[in-house]
Amino acid sequence: MDETVVFVQGNEACVEGSLYAGVGFFAGYPITPSTEIAEILARRLPARGGRFIQMEDEISSMCAIVGGSLTGNKVMTATSGPGFSLMQEALGYAVMTEIPCVIVNVQRGGPSTGNPTHVGQGDVNQARWGTHGDHAIITLTASNHQDVFAMTVHAFNMAETYRTPVILLFDEVIGHMREKLVIPEPGVLPVVDRLRTSVKRGVDYHPYLPREDGRLPMSDFGGVHRYNVTGLYHDMWGFPSGKPEVVESLLNHLVDKIESNVHEITRYKEAYLEDAEVILLSFGSAARSALHTVENRRRRGEKLGYLELQSIWPFPSLLVREKCSRATSILVVEMNKGQVTEAVKAAVDNPERVFLANRIDGELISPTNIKNILRIIQGKGV
Amino acid sequence: MDETVVFVQGNEACVEGSLYAGVGFFAGYPITPSTEIAEILARRLPARGGRFIQMEDEISSMCAIVGGSLTGNKVMTATSGPGFSLMQEALGYAVMTEIPCVIVNVQRGGPSTGNPTHVGQGDVNQARWGTHGDHAIITLTASNHQDVFAMTVHAFNMAETYRTPVILLFDEVIGHMREKLVIPEPGVLPVVDRLRTSVKRGVDYHPYLPREDGRLPMSDFGGVHRYNVTGLYHDMWGFPSGKPEVVESLLNHLVDKIESNVHEITRYKEAYLEDAEVILLSFGSAARSALHTVENRRRRGEKLGYLELQSIWPFPSLLVREKCSRATSILVVEMNKGQVTEAVKAAVDNPERVFLANRIDGELISPTNIKNILRIIQGKGV
Amino acid sequence: MDETVVFVQGNEACVEGSLYAGVGFFAGYPITPSTEIAEILARRLPARGGRFIQMEDEISSMCAIVGGSLTGNKVMTATSGPGFSLMQEALGYAVMTEIPCVIVNVQRGGPSTGNPTHVGQGDVNQARWGTHGDHAIITLTASNHQDVFAMTVHAFNMAETYRTPVILLFDEVIGHMREKLVIPEPGVLPVVDRLRTSVKRGVDYHPYLPREDGRLPMSDFGGVHRYNVTGLYHDMWGFPSGKPEVVESLLNHLVDKIESNVHEITRYKEAYLEDAEVILLSFGSAARSALHTVENRRRRGEKLGYLELQSIWPFPSLLVREKCSRATSILVVEMNKGQVTEAVKAAVDNPERVFLANRIDGELISPTNIKNILRIIQGKGV
Amino acid sequence: MDETVVFVQGNEACVEGSLYAGVGFFAGYPITPSTEIAEILARRLPARGGRFIQMEDEISSMCAIVGGSLTGNKVMTATSGPGFSLMQEALGYAVMTEIPCVIVNVQRGGPSTGNPTHVGQGDVNQARWGTHGDHAIITLTASNHQDVFAMTVHAFNMAETYRTPVILLFDEVIGHMREKLVIPEPGVLPVVDRLRTSVKRGVDYHPYLPREDGRLPMSDFGGVHRYNVTGLYHDMWGFPSGKPEVVESLLNHLVDKIESNVHEITRYKEAYLEDAEVILLSFGSAARSALHTVENRRRRGEKLGYLELQSIWPFPSLLVREKCSRATSILVVEMNKGQVTEAVKAAVDNPERVFLANRIDGELISPTNIKNILRIIQGKGV
């Protein structure tokens, strides 16, 4: 076995995952609590023949990876809330032009500068709606370092499969906590390579003409084909068009390629759901406390179940509805004012069963916090 | 009577509203379809003793109005989708530091560059969630020029009352269409003035210490008081604090000052709701076609009703639930993939009653489009 | 008008109520926070021709009022938790022998010595179940001084009507807080006098032989009739009996005379229940914060309703079920671990609608505490 | 084998169990039908090096065992209803100060003096709620002498494990009936010893500072450590505190140490539950008739099942819900007005399935009584 066991921060697990997935270009600007990702890649990436560049800010970082991807690389940037806000305009450009790229947001407290060194999970809806106009997006998360590694690989795979930005929504606790990571040997986890066009030089390449399976092959920009890339509504050649049928078709394509493949994109973990009366649904570092609570209470005979969403967008509504269909209560554990809670309410029947166990003060929500809210929703008060 | 009747674009109606409300400073960068607002204010504002500045981009525009407000002016900027995306980081700063300001987004097609000269309503959720971290925001809209004027005045009033950014979410049709506007004489519409502190020079001023009524008096920055303003979590003196209780209290304050005052902030219009079996709920230019449809069908004896939301955020859930409680169907008319539709579904009982009548191709949705969708949801097929 | 307006503690309002009702004998032992009742009656009662005695402890106090009642007086004692625990054996004797008496428990924190000077509402179930064996009991409470007065009068009326101990379950906040009390002139509130037998001297008097209306007339012990009084199961003459049919009949009588008259005994207050989606059900000082919350939220358009139980035992199950039938949630506001909450759950359909808003730390539950728990049960988290 | 077979009263089985468990001190006052326990221990205990004392009443008896326990002994007292009522105040002191002790209540008819020589089961709720203030308590029972022995040992084990009073709720039939008892040899039944602190003389001992496993080691009072014991709310040093956070934490600890360990404390017996359509749930002497009925009817092919609760408090709600989930009817067999019935109703779904088969006249409920009630609930009338 060639697997390697390391004891690392979550940020480093993300780096390892990106290298495993084949990242070739990283551009970024340091911001707590994501900075270690850039720091480590600054050493690791050139040593592997990749390129690392520190840009002057987050806007240019986002633009740089768009360019890096278009010219043939798997790309990534990493930031936190304020930087992620600055990236929203260029992120929309990547959505519109269908450029594969991975954006890591190691969440801290917000809004604005907030609390750089403390944890938060308040950027969930921004990941979905931060840039203007209708669109869809993929957003993944993880609650331990093995999953950070796996979800980073999955992020690159999804970005390449669907030609879309993918957001990795980690958080400060995950980013900075150290725990064991087993790096699998190559080939253990599937890696989706860039789908390049089979169209030869001298033959017209249509950047937005799908293959039969719906995927859009790419041609390294600056290479053998000349083609147009624009943030305007465009046709299959990439040329601007305001024709209503072209606009409607493009918008539906941008949304449907992701929303209709929710079952391929979704990743989740579950425990004890078969007979669960109360389900704790969580993600990211909050899910660690949720899982602890479920396992602890199960030992006491209480019928708690655990559902961890490792992909939040596209929201796996059918999955959540099915998994939660028999539960009396669903307690969403998250460190914000209820962003995933609202999505769960919209997904399930009898949304009055859905409650929020949260903490918004920069501290990790604890099993005790969850237990106390469980008591209240079970009508037991403080 | 001193009222003035003019025949203008919606963008000009917005300018007139801002002047009526007492705007003293405007900073912006031109972008279709909002540019007329800047153009007209560049002439009108200096003539009134105010200041206009064209900045190098939308980021600096947003930052400039934050500074302009802090030093004592009522302020505004205007943009469209891509510019609004660029403003998200500084907008979050204004949320966090509680700076009154008005941001006009004259929507066009998106995402990204989209279609600058055509209509869209796809920035509804971005207005709510575009910047990172939990927060709340006020977002107003209008379906005719008289309302554009009134909602612009209301926007300034709400910004000053709650010390918050307020977003005016118009759209290309409203911005560019010309119709009659009656400018009321001063005093007809209430105008909320800047609430300045009564604390004298030499006495400590606490920028985030509420009065008994919950409002936070301001002191012109650079004036008689020295105080701190930061995007970090802060206490009542404005000094950074990471104490969990300070953080939780500040976040709840930022959300509650708006969400808990939804009844004071909400503006809406209604017609024929008493006995309506089908309600058309709409906003902005789409609402014009919805109202036309309702009036037309009423003449034929069909029990249609009309509900126009002039304030979208904070979403008036209780109002919508109450108004829609007796309807068999609710048809949300909007030019996006269903952003307000989702909010309506979350607000009402029996969300399976809620349907979407939309158009996303850059053309204004027409009464005929609505009529065709109405037939389908009534089981009459195409 | 002969009514008197005073500004008093709740304990003094209780004294005034007892005098209005015609108390003739008080025995007690001082214990915070009830002591003012004894102190004031020590002066007031002799001045009115009544008798006050301080006993050596709470056991003897309870025994003394049993004797005082049996010899022809309306009687009362007052204590707090630890004293109430000591009274349980003699209280059971009064239940079994059907002696009218009023026991005031001004609740403080418990169990044991707990916190004498701080508020609690933890003796609700003890009032029902503190003495051994099946039985029934009447327990009243109040949330303001006007009600303390009225409920004290009601307590004497119920004690005389049903020949039973009646417990007045106040609490430290009510007892010690000062507010306005209007003492009505005599005749305004109904007063139930001792029902004395019409049986003449020389004719057999049966102490447990009911009249046609079910009431048991009394004869002043030591007066013209000789009869037996025992804590053993007994027949209509008061003589001990172990006959199964006598035992069953006596036990059913003791329970039914109270449980079957729940509609006559029950006192409650309500507000805004017609269209309430969330009902705050409370009693005692906690009800003050509940009422404040309801009125405050109603002003914001939220459909909250208020139900205050002024009689807790016999529990008004039918009333609570009826009043709560249309509510989405019922939030029981009490300062214990959910004692009334459990009774409400047992009374209503869909007990999963019932939640507990409590505080158990010796501080009065505040509208803010209630609001925060409301948020959680509405799924909105902290 | 060193086991001994005897033919004894249930009261003697209880004595044997207490000696097996290591009782070192007994204080009591005689009361029918518990007196044999004191009588026998008065001889047996001194012979084993323990101490027996007859006190002047039940209050002093309860206080004496509290002191005896604190100074290092396993302790017990025994009484019946009226004596148990008198013990309520000191019992609350033991709850608050966390003193291990066992209180036997051999139930007779109540309330008050009731019927000393006849059976009753009316003190179930008093065992839970007899003393004032929120708290939790452990209450065990038994339906035959082997179980009386085992439950007495379990009572001492639970008292020592959780530092709490434990109530043994037997009844007159069990106490006075004679049947075979096999006294196991030492080591067959587990015995939990007093957990003494490992803190040495001269080092501060904290009487209320839990070990990692949650248990509170004790130090013999009057021995090498000085510490404070008070019925007031107190901190980990035992010193009085009125701090809200200390009060809330202490109250939650007192309740949670028991309620959260319901699965460790619970003891029950079952038969034929797998396919039972009607479950007879019972305890104490009534369970003998219930079991007889089930076995008799099973022989006739009727699908009856049997569930005997040997621990009533903390009420094993989850267990009861689970065991009763598939039954059409649940018939609670008890000799009171339905005290356990109410707890079963609160525990199960569809409480309209729960019926009461009782007898309250001092006679043991018989299989014929149960059969007649069974017919009625099966719709077969009388």
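Here the chain labels run A, B, C and D in written order, and each chain numbers its own residues starting at 1.
Quick note on the criterion: a contact is a pair of C-beta atoms (placed from the backbone, for glycine too) under 8 Å apart; a residue touches a chain by one contact, two chains touch by 3 or more.
Quick caveat: nothing in here was measured; it's all calculated off a predicted structure.
Visitor: Just how far, in Å, is the C-alpha centre of chain D from the one of chain C?
Guide: The mean C-alpha positions of chain C and chain D differ by 30 Å.
Visitor: Would you kindly tell me how far, in whole Å, the mean C-alpha position of chain D lies from that of chain B?
Guide: 65
Visitor: Compute the distance, rounded to whole Å, between the mean C-alpha positions of chain A and chain C.
Guide: Centres of chain A and chain C (C-alpha means) sit 60 Å apart.
Visitor: Give me the residue numbers in chain B that touch at least two other chains, ranges are fine.
Guide: 248, 252
Visitor: Have a look at which chains touch which and call the overall pattern line, ring, star, complete or other.
Guide: Here the contact pattern is something else, fitting no line, ring, star or complete shape.
Visitor: Which two-chain combinations qualify as touching?
Guide: Touch list across chains, by label: A-B, A-C, A-D, B-C, C-D.
Visitor: For chain C, which residues are in contact with chain D within the complex?
Guide: Against chain D, chain C makes touches at 59, 81-82, 84-86, 88-89, 92-93, 95-97, 107, 109-115, 117-118, 120, 122-123, 125-126, 128-135, 230-233, 242, 244-245, 247-248, 251-252, 254-255, 336-337, 339, 342, 345-346, 351, 360-363.
Visitor: Mind pulling up the chain D residues that touch chain A in the complex?
Guide: Within the complex, chain D touches chain A at residues 248, 260-263, 318-319.
Visitor: Give the list of chain C residues in touch with chain A in this complex.
Guide: These residues of chain C touch chain A: 328, 337-338, 341, 345, 351-352, 354-360, 373, 376-377, 379-382.
Visitor: Can you list the chain C residues touching chain B in their complex?
Guide: Where chain C meets chain B, its residues are 300-303, 382.
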